[in-house]
Amino acid sequence: MSDIVLDVSDVNKRFGGLQALSNINLQIEAGKTHAVIGPNGAGKSTLLNVCIGRLAPDTGSVIFDGHVLTGKRPHQINQLGVARVFQTPEIFLDLTLVQNVEIAALAKRDGAFHFRPFKSMFKDKELTGEAEHMLEDVGLLRLKDEHTGNLSRGDKRRLELAMCLIQHPRLLLLDEPTAGMSRHDTNRTIDLLKRIKERGMTKVIIEHDMHVVFSLADWITVLAQGAIIAEGTPDQIRGNPKVQEAYLGGAHV
Amino acid sequence: MASITEFNPSTPKKDLLIMAVFTAVVLTAPIWLAPIGASYPDLLQRFAIFGIFAIGFNILFGLTGYLSFGHAAFLGIGSYSAVWMFKLFSMNALLAMAFGIFVAALFALVIGFICLRRSGIYFAILTLAFAQMAYNMAYSVLTPITNGETALTLDVADPRIIDRAILGDAKEALPSPSLFGLELTGFTSFYFCAVMLILAFWVSLKIFRSPFGLKLLAMKSNQNRMQYTGYNTKPYLLVAFVISGMYAGLAGSLMAVTDPLAGAERMQWTASGEVVLMTILGGAGTLFGPLFGAAIIKYFENIFSALNKTQLTEVFGFLPDGMAEALASVSLLFVGEGWHLTLGIMFMLVVIFLPGGLMEGIYRLTARVKRKRESGGAVSGGAVQPSE
Amino acid sequence: MDALLLQLLNGLDKGGAYALIALGLTLVFGTLGVVNFAHGALFMLGAFVAVAVNRLLSFSVQVRDESITFFEAYKQQPYLEIWFGDLGLAVIAWSVPISILVAIPVMLLIGLAMERGLIQFFYKRSHAEQILVTFGLAIVIGEIVKVLFGANPIPVQAPPAVAGPAPLGAWLGLSENLVYPWWRLIYLFTSLLIIAAVFAFLQFTTYGMVVRAGMADRETVGLLGINIQRRFTVVFGIAAIVAGVAGAMYVPILPPDYNLGMNFLVLSFVVVVVGGMGSLPGAVAAGFLLGVIQSFASMGAVKDILPGIDQIIIYLVAVAVLLARPRGLMGRKGVMET
Amino acid sequence: MGIFDGKTTRRRVLKGGAALAGGALVAPTVFSRGAWAQNFRNDPGDSGSVTFGFNVPQTGPYAEEGADELRAYQLAVKHLNGEGDGGMLNTMKPLALKGNGVLGKKVEYVTGDTQTKSDAARASARRMIERDGVVMVTGGSSSGVAVAVQSLCQEMGIIYMNGLTHANDTTGKDRRRYGFRHFFNAHMSAAALGPVLKQEMGTDRRSYMLVADYNWGWSVEESMTKVTEDMGWETVQSVRTPLGAGDFSQYLTPVLDSGADVLFLIHYGKDMVDSLTQAVQFGMRDRQANGKNFEIVVPLYSELMAQGAGKAVSGIYGSSNWLWSLNNEGSQAFAKSFGQEYGFPPSQAAHTCYVQALLYANAVESVGTFYPVEVIKFLEGFEFDGMGNGPTLYRAEDHQCFKPVLVVKGAENPQTQFDLLELVQEVPTEQITYPHDLYPGDLGPYEV
């Protein structure tokens, strides 16, 4: 019996006349990289928003590690161990790279609210060390004292990943992590994600770049028009005619 | 976009130096401000008090980016509380200040809790609305508490329960605020304010260097990311709001200490606007900027407004008579009753030529000089740049 | 009943003034993204256009009053009167309506000059800097007016035919006591007309459509190859005209002084925000709403129950609206929220 | 700055800071020589000149009035120093001044902006006292400022000669030993207006009051209500209006339907200009109510306000401290020298300020010292004449001047822009005098 980290069961969501999600059931196993794919408008983003509690499902439930996520606020969900990477990198633009990562580390260490105004940042060598180590891990150490505004999109994504990783989340949600990236940046990001994979972190990737999905995923769920049309290992999905029809359009991948 | 922040990596040693220099500069202000005619207790006190006000405002606006347009309300509340403390209990400055800060904090907690439900201009207008209500009420219907237009002042017949219990009922004349027997008037009073300013600055420095301050700044940059990183942003904002409200309360009660009077116009929107202008003029989010801004505006208000034709004619006395007269007349447009004009022009010039305020302007200028020196390093002998 | 009707009129009248000022302010927010603290100064400048026109028209022959020996007092006879007799006097008497016509080109020019000369450089700057520079500009404009016209309020009368009250009660078959100043009725009517004109312009002209599209999504419209910049300059000019005409028309009701703009500044911001940033209908609705509520709150019966309520009602309403509706009455998401 | 070189330890920095602080503590005494060494503050000593502080509103709603006050002060300084035509020095009785300054010292002055805010006014006054070493402060154009600066001057031991302030509090509840007021007050306005209103409008009137919602407004309201009700009038309603309302329509329309036939506009400055202009537009000057002509009364008038309201003032009653067109020696002397200097006649604000400056100078000259206690004792109970208001007494108990009060009316058909107001009656001093304990207050000590 494998350990289920995220359990989405019987979720339905309707926007006006549009059935955005119908009867979604997903069980995400610990340590696995789980990809959700589907053509535009398939309901991927809605599903993600339901998973992080931003949207309440009409029916069904989302349970993370024994906690109902629906109705919880973003910071509470994060504090439970869910980190999220956004479609467009969300980082702190006015701060330096190392500060960006430190803030993420502090959230993990000190919790959602922590008020000690007389504590000095620079005496916290441990924190800085940890942050720098993390930056080194994603290959941004040399830029650590730069402001983040000048980073390339790929570097911003890596920074955002670093911010998520330093929190050692139990579940990492990635919303199209390579959207809008050059081929070079995409490959670097894939490499990074692969390395993380080796650490056994549970991940959910929403993506429609097949190259990314097939390089990373252990298990793939295919959405189309709000419903799951197929599930399986990359190989199974690759060979699934329904998927090819709905999504790949017969093209070779 | 990116503003200069004092989060540029610093070291404890550097900060200690900053504090030492700052302390020295503040305490010697009566000496080095003498040549520009600003070395008299009242103005020096005002520099200190409005410096505190602006430093506190900067903790909210500079760090979190939340623009409060009603901060003068807390200044006024601090003043009224302090004067009431004087009247009812004791002339001890510390008691009055403690009370002023406490009451201001209470109000800030309630008002902040409500206003922080919104952000951006909606937040600004909410704070403005509360401050204007406070001002309008204090000026009229709350007169029994505030003494309205004529301002709340001390009276020989005030109860002063604690003082009378300790010192007896001897005094005939109006007492001055004091610090355990030391009367706070004239330069003594300035030094008292100066110490408070140094303390206030030190607290602000600590906040700027703390994880708490860093988080506030991060919130200004991206509140959404902050929430998804696991922070409950509301209490952070509220704490920042209350802290800056307490700074305003401290400034307000210090105003009462240096001059035991509390008037409603301290809470008017123009007073709130003034601290906004001070902060932006000096450079929001910088450590020293708000102080500079406060000092400049107060200097204009008190010194430029006091220049008149006779003095100007004297200044231009070395010129031929007609010319001196003409120059004096032209200058008169900018000083005396025209001092607002100078202030307005200065606001415009600073924003146009020094984006980000005076401090950022200074940073940019020094950075440019540095760059020039670096590029011309070989010629100038290659000054070694301290690595940061 | 009569009292309520009159207060409703008062409220609408006030509302008209609020709405006109707020309209331009929100237009500039919505299109240019600029927080214009000098908008009140435009209102004030409009009022002083009326003063200046009056001064020009009544330019006079100075006849020394010999009864006063120790300073020069003059009896004045306007040239217009000398040249054209009663017709000349009539022209002077109608100086306010005339000045409204004059205000249109003058305010347009001032608006364009302001936008091209200063505001355009601040589109991309932070709101804080916009506030500082426009506030500085407002001070400078105010001080220049002070130097030119003095600090005292300057009276300019409405034309005699409409200077007094209109017998509303007699028209409606109600009490004789029901009267209302002609000029205020004209003000209300004209403000509605101007509001309608601005809406029509935005709604029915292609120019206006582009501007509206620009308000909604500036980048896209810019990508379409339309010179949105120039159109926004014109928008600023329109905002200046609306504010200026509102100011010129307001002169008979409120003798203007150089501080007039500052007095209206805060209020107009409250109106705009209650209406919702960047929403034109919101600004108009909020203007009338606040005007009417303020009028009713000032009634003796209300004040007896809640003393001083008239002093804070506008702010109370603002707080209530903003807490109930996060973006004011009709605000759009994301505008000026950070 | 050797102590900052090399390795800076916390201890050394603190020490250095303390040393600097010590130095600074000593330094100020050098700059304010005379502040503590002598027996009273700002004693001009052997200096050849003496400085007065003119603290007037230069920005804000009363800027124009402040400008006129400043002109008057500058004229007073000229006259004191023996320049110009001497103005009221030619008419004042008794007179000790010789036209050679004060006690042989040339009079100089500093100016400041009160902004019509008590904080700013006190800051400005403090600057004058602490930095510029003035022996006397004078000015002000509102009661809030007057009371605030007056109490400051009491604490500092500097004499304050009030400018234009009309609330009863200034010499009532908030009277101070170091403060003196030449201007009349709300009580006197009411007392003077009463009989004239009775005579002009009869005893069967119903009045409606719009009151500026702050201390001054309330004190006029109180005085006016008492006087009018004593003569049989009925107060229908009294409504308080916020300061700076701008548009008063919502307060004016209820008047139409109230059954009142007299409207009191207890407003000053811009508020008065606005409310009066608007009241006239509502037809209130020309309407009939209860079979009588509807009347508007403005308890406190000023020329500058009349200019602001323009034609709206004609036929409106009010009271005034002084008019330049008064037919007496002092007034003419002052109006003449002011008119020749500036090209237009002085306002009542200018007059009261000019007189106050002269009165102070004369008191000093008379007692032969700037020592404020002596000067105060001289001014208390001082009787003088020839200053434009006829025989005048500075009452010792509350430092309020007692002199005739003018009831004035907006001119029906002004010939020039300078005769907007015309005199209706000069109400004699006896009628407006009241016991000093009617508004009880405490002057405080002579020595501070």
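Letters are used for the chains, namely A, B, C and D, taken in the order the chains are written, and counting of residues starts over at 1 for each.
As a convention for this text, a contact is a pair of C-beta atoms (placed from the backbone, for glycine too) under 8 Å apart; a residue touches a chain by one contact, two chains touch by 3 or more.
From a predicted model like this one, the values you see are computed outputs, not experimental measurements.
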According to the touch definition, list the chains common to the neighbour sets of chain B and chain C.
D
Mean of the CA atoms for each chain, then the mean for all of them together: which chain is nearest?
B
Hey, which pair has more contacts between C-betas, B-D or A-B?
B-D
Take the average of all CA coordinates in chain B, do the same for chain D, and state the distance between these two points in whole angstrom.
32
Taking each chain's centre as the mean of its CA atoms, how far is chain A from chain D in angstrom?
73
Where chain A and chain B are represented by their mean Cα positions, the distance between them in whole Å:
45
What is the distance in Å between the mean C-alpha positions of chain A and chain C?
52
Hunt down the residues of chain B that sit against at least two other chains at once, touch-wise.
3, 136, 140-141, 340
Would you pick out the residues of chain A that each touch at least 2 other chains?
none
Could you pull out the residues of chain D that touch at least 2 other chains?
63, 67, 213, 240, 242
Full enumeration of touching chain pairs:
A-B, B-C, B-D, C-D
Within the complex, chain A is touched by chain B residues 1-3, 5, 7, 9-12, 203, 206-207, 209-215, 217-218, 220-222, 224-233, 235-236, 239, 243, 388
Residue ranges of chain B touching chain D (in the complex, touch as defined)
13, 16-17, 19-21, 23-24, 27-31, 34, 37, 39-43, 46, 136, 139-141, 143, 148-151, 153, 156-157, 172-174, 176, 186-187, 191, 255, 259, 261, 263, 265-266, 301-303, 305-308, 310, 336-337, 339-340
Please name which positions on chain C make contact with chain B in the complex.
35, 118, 121-122, 125-129, 131-133, 135-140, 142-144, 147, 262, 266, 269-270, 273-274, 277, 307-308, 311-312, 315-316, 318-319, 322-323, 326-328, 336-338
Applying the document's contact rule, which stretches of chain C touch chain D when the two form their complex?
2-3, 6-7, 9-11, 13-14, 17, 65, 68-76, 146, 150-158, 163-165, 175, 177-181, 183-184, 252-255, 257, 259, 263-264, 294-295, 298-300, 303, 307-308, 310-311
Counting only contacts in the complex, chain D reaches chain C at residues 60-61, 63-64, 67, 213, 237, 239-242, 244, 246-247, 249-251, 253-254, 256-257, 270, 273-274, 277-278, 281-283, 286-287, 304, 307-312, 332, 335-340, 342-345, 415-418
